[in-house]
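Shown next, in structure tokens, is the structure this report addresses.
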Amino acid sequence: MLMLVLIALLILFPVVSPAYERIISLSPQVTESIYLLGSGSRLIAISEFCKQPDGAAKKERIGTPLRPDIERIVSLKPDLVLGSREGNAPFTMARLRNLGVNVHYFSRPKGLAGLIENFLELSSMLKKTKEGEAIVNAVERSIRVTEGNVPHTVLWQVGANPLVVASSSSFANDIIRYAGGINIIKTELPYPRMNVEEVALQRPQVIVLTSMGYHVETEKERWKRYINNVRFVSLDPYIVGSPTPVSFLQAVNALRAVFHRSVDNDD
Amino acid sequence: MTEPAAPIPQRPTVLIFFILSVLLAGSIVLSLSYGKDVPTVFASLFSHEGFGLVLRKIRIPRTVVAFLVGGSLGICGVTLQSILRNPLAEPYTLGISGGASLGVTVSTVLQMQSVLGAYAHPLMGFMGALVSIIIIYALSMRRSFNPNSMILFGIVVSLVFSSIVFFIFSLLDPDKMQLTLMWLMGDLSSLDISLIPFYVPFLLAPSVMLFFFGKELDILSLGGEKAHYLGIDPPRSYKILFVLTSVLTGLCVSASGIIGFVGLIVPHVLRNIVGATHTRLLFSSYLGGAFFLIISDVFSRYLLYPVELPVGVITGIFGGLILLFLLMRKT
Amino acid sequence: MKKDALLSIAGVSFRYGPQIVLKDIDLDVERGEVIGIIGPNGAGKSTLLKLIAGYLSPDKGSIMLSGRPLGDYSRRTLAKHIATLPQTLDMPFPYTVEEFIVMGRYPYDRRSFSYGIEEKEVVLETMNALNIGHLAGRQINALSEGERQKVYLAQCIVQDPGILLLDEPVSHLDIRHQMRVLEILENLQTKGLTILMILHDLNLASEFCSRIVLIARGSIYASGLPAATLTYENIEKAYDTVVIVRENPLSKKPFIIPVSRKYLKADNEKP
């Protein structure tokens, strides 16, 4: 009898699982994804670093992703707290869980596939599976790699003093790949500190600048000393740092635009 | 009873300086020509393409900075070890680095590069150092200006400043924090080429002035009281030397972040070789410091090429091992 | 106060914070005197020496060197007139004996990078005169106490001063080295040097000093020839210790024997 009840519960559980209405997001990309899925109104609080979309501006802030205000989170009585592995410290999430808070956090995506997987997982949690799939399909349609062209060589600059770049094993490499470029830095380390010589010798055609604590114009001046005819793509660090499938596509399109421009100019 | 005066054993000073100069020249050649042969390097000196570009715009400026910073840290170490009468003192003992770190952190947070461009980090780093120099100086003036108060106030000021740095870091997002930390850990590649013509005279002038303090440092190392009896006004000397070394240290930190162990280990090793008198120690530590930093930088650049290691990590590992070896041998 | 005195101290008082260390000190020193400054611990002897050396400034009174106030001399000029050996001198760096002694020539040769041939000659002569020539290349920290004290003294001598101020120059030495160091000083005195030294051993003070200055509780308690000052009354009052004073059969100077309390008790019990 008890067994039957248990089995019944297990079967019924997904069906009766609550539609979360009081969500706290500790991660900028999760916040943005929730808005993309049209569920922004279900967010009761977000982190200090959640800056997009504009609708998020009025939400209550509960501290930085690394050090959220745990007391405040508990007192808000959320039915779900969402975070991400790259932004939130595991021990804060564990503490919230010990305090009886329903916590879920997404794994670090290695590329577009992982990003889509996380996004679909979120949409099913929000019971927005259809909307989620529609967005993913649209992104996948327009992102398909165009074959045939010789790939542009790309340097993705993360930090300036010292030079830190996103290598072939980083998440950003997938943006370069989908855009039809090729990363000149191939290392096992995703974000290595890099010898400037290597860049000057390899002479990338395009440099991606994400203005993480550095100034884009200063860096353009620097690179022009070493490399003639280099082209620059300036990306909002927010797009790169907190990617959703949509912002991933935006980044890819920004790179493609520069690649095409350079081809036109070369002709 | 009367023992005849034995001939005084002369240290082979000339030979030692010759060897040091050869080592330094070798490190410079290696730094400029790594991976290429020397004729190629000469041929490239006048080329604007390929390796010529790398040589002229990357390797030469970087080697110049390493030379000046290494030499300056070496003689700052000599000077501070003498006036603090502590063979383990180093340029950062006075707490100048705390102020410089704060300056750079503020520069990052306020995105001052959008106004100052490549000048932002060095300028703000030096301003931070200057503020801490002025505070430590003013506080020390209130008591008699002596090494103890310099150290005491230096530690306190540095502690306060680094606490503010950590306070700012806790509000910064982790990526930015990490990138700022990386600069603070020592980086010879970042100084913009256009700034080097400014740094050369400002790093050389205080160094040249310090060379003339050799005899005075001998006397000061006997302690303030005995120095007084030998015809020095110690508080006045401490003031001048404090200003010279702290400005020099501040400039070094602003040019290349905090590069530890150079100012500690170089005088320490050379004291065993050229002896304790400070004129010889100052000159040899300038050469030795420049050599040590250039060689460490070569390692940081090419050990895991094209990945670069923080040069402070290399000097720390080398310096630490050498110091450990020296201490083991003494006991 | 004599006008022609080499050193003239008049009405000098000094305090550390609220604590009065020296009060109304008057002392005239003639050229060629060897003055032994004695007195119990904490009496203010070292402070007096530091005042004469110009390291401390008196709160009241004046100190004149050759008729001019001490404050009128530059640090460097003063270092050519007065050499001072403090009670302790620790050496954090491994200087050799020669490197250390030549520092005494600093007031004469400040500007050049290293000391000239003439300066090194002076050092060599002095080392030979003190029989420490064989130590020239040795590290100071590796020397014995006795050798080290001679090296310290040699540095003061190459300073070529008129006045030598020594704070307990022989306290840590065995009797052989005590005698050697004091004989060196005696020899210097015959060459016209004036010496003021703090001594704890009253018998050495009696033997080697032309004048004794007994300081107790911040004032000069007695001053004069050894025979006049080293009386048992003076010593008992200043040190609060019973002594017997006899005459050294060879030098005819006073010879002091401290008396342990256990013998005093025995005396008192006997009627």
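Read from first to last, the chains carry the letters A, B and C; within each, the first residue is number 1.
In the analysis below, contacts are C-beta pairs under 8 Å (C-beta built on N, C-alpha and C of every residue); 3 or more make two chains touch, one makes a residue touch a chain.
No experiment lies behind these values; they were computed from the predicted model shown.
K.L.:
With chains as vertices and touches as edges, which is it: line, ring, star, complete or other?
P.N.:
If you draw each chain as a dot and join those that touch, you get an open line.
K.L.:
In terms of Cα-based centroids, which chain occupies the most central position?
P.N.:
Per-chain C-alpha centroids compared to the overall one single out B.
K.L.:
Return the distance between the CA-based centres of subunit A and subunit C, expressed in whole Å.
P.N.:
Averaging C-alpha atoms per chain gives centres 80 Å apart.
K.L.:
What is the distance, in whole Å, between the centres of subunit B and subunit C, each centre taken as the mean of its C-alpha atoms?
P.N.:
Result: the chain centres lie 43 Å from each other.
K.L.:
Report the inter-centroid distance (CA atoms only) between subunit A and subunit B in whole Å.
P.N.:
Computed value for the inter-centroid distance: 41 Å.
K.L.:
So which stretches of subunit A touch two or more other chains?
P.N.:
Residue numbers touching two or more other chains: none in subunit A.
K.L.:
Looking at the complex, which residues from subunit B come into contact with subunit A?
P.N.:
50-51, 53-54, 57-59, 108, 111, 113-114, 117-118, 120-121, 170-171, 173-176, 179-180, 182-183, 187, 189-190, 192-193, 301-302, 305-310
K.L.:
So in the complex, the part of subunit C that touches subunit B is made up of which residues?
P.N.:
50, 53-55, 75-76, 78-80, 82-84, 86, 89-96, 98-99, 103-104, 106-107, 110-111, 113-115, 124, 127-128, 131, 133-134, 136-137, 159
K.L.:
Quick check on the complex: what are the subunit B residues that touch subunit C?
P.N.:
1-6, 8-9, 82, 85-87, 211-212, 214-216, 218-219, 221-223, 225-226, 228-233, 271, 275-277, 279-280
K.L.:
Any idea which subunit A residues touch subunit B in the complex?
P.N.:
Touching subunit B: residues 49, 64-67, 87, 158-164, 185, 187, 189, 192-198, 200-201, 212-215, 217-218, 221-222, 225-226, 237, 241 of subunit A.
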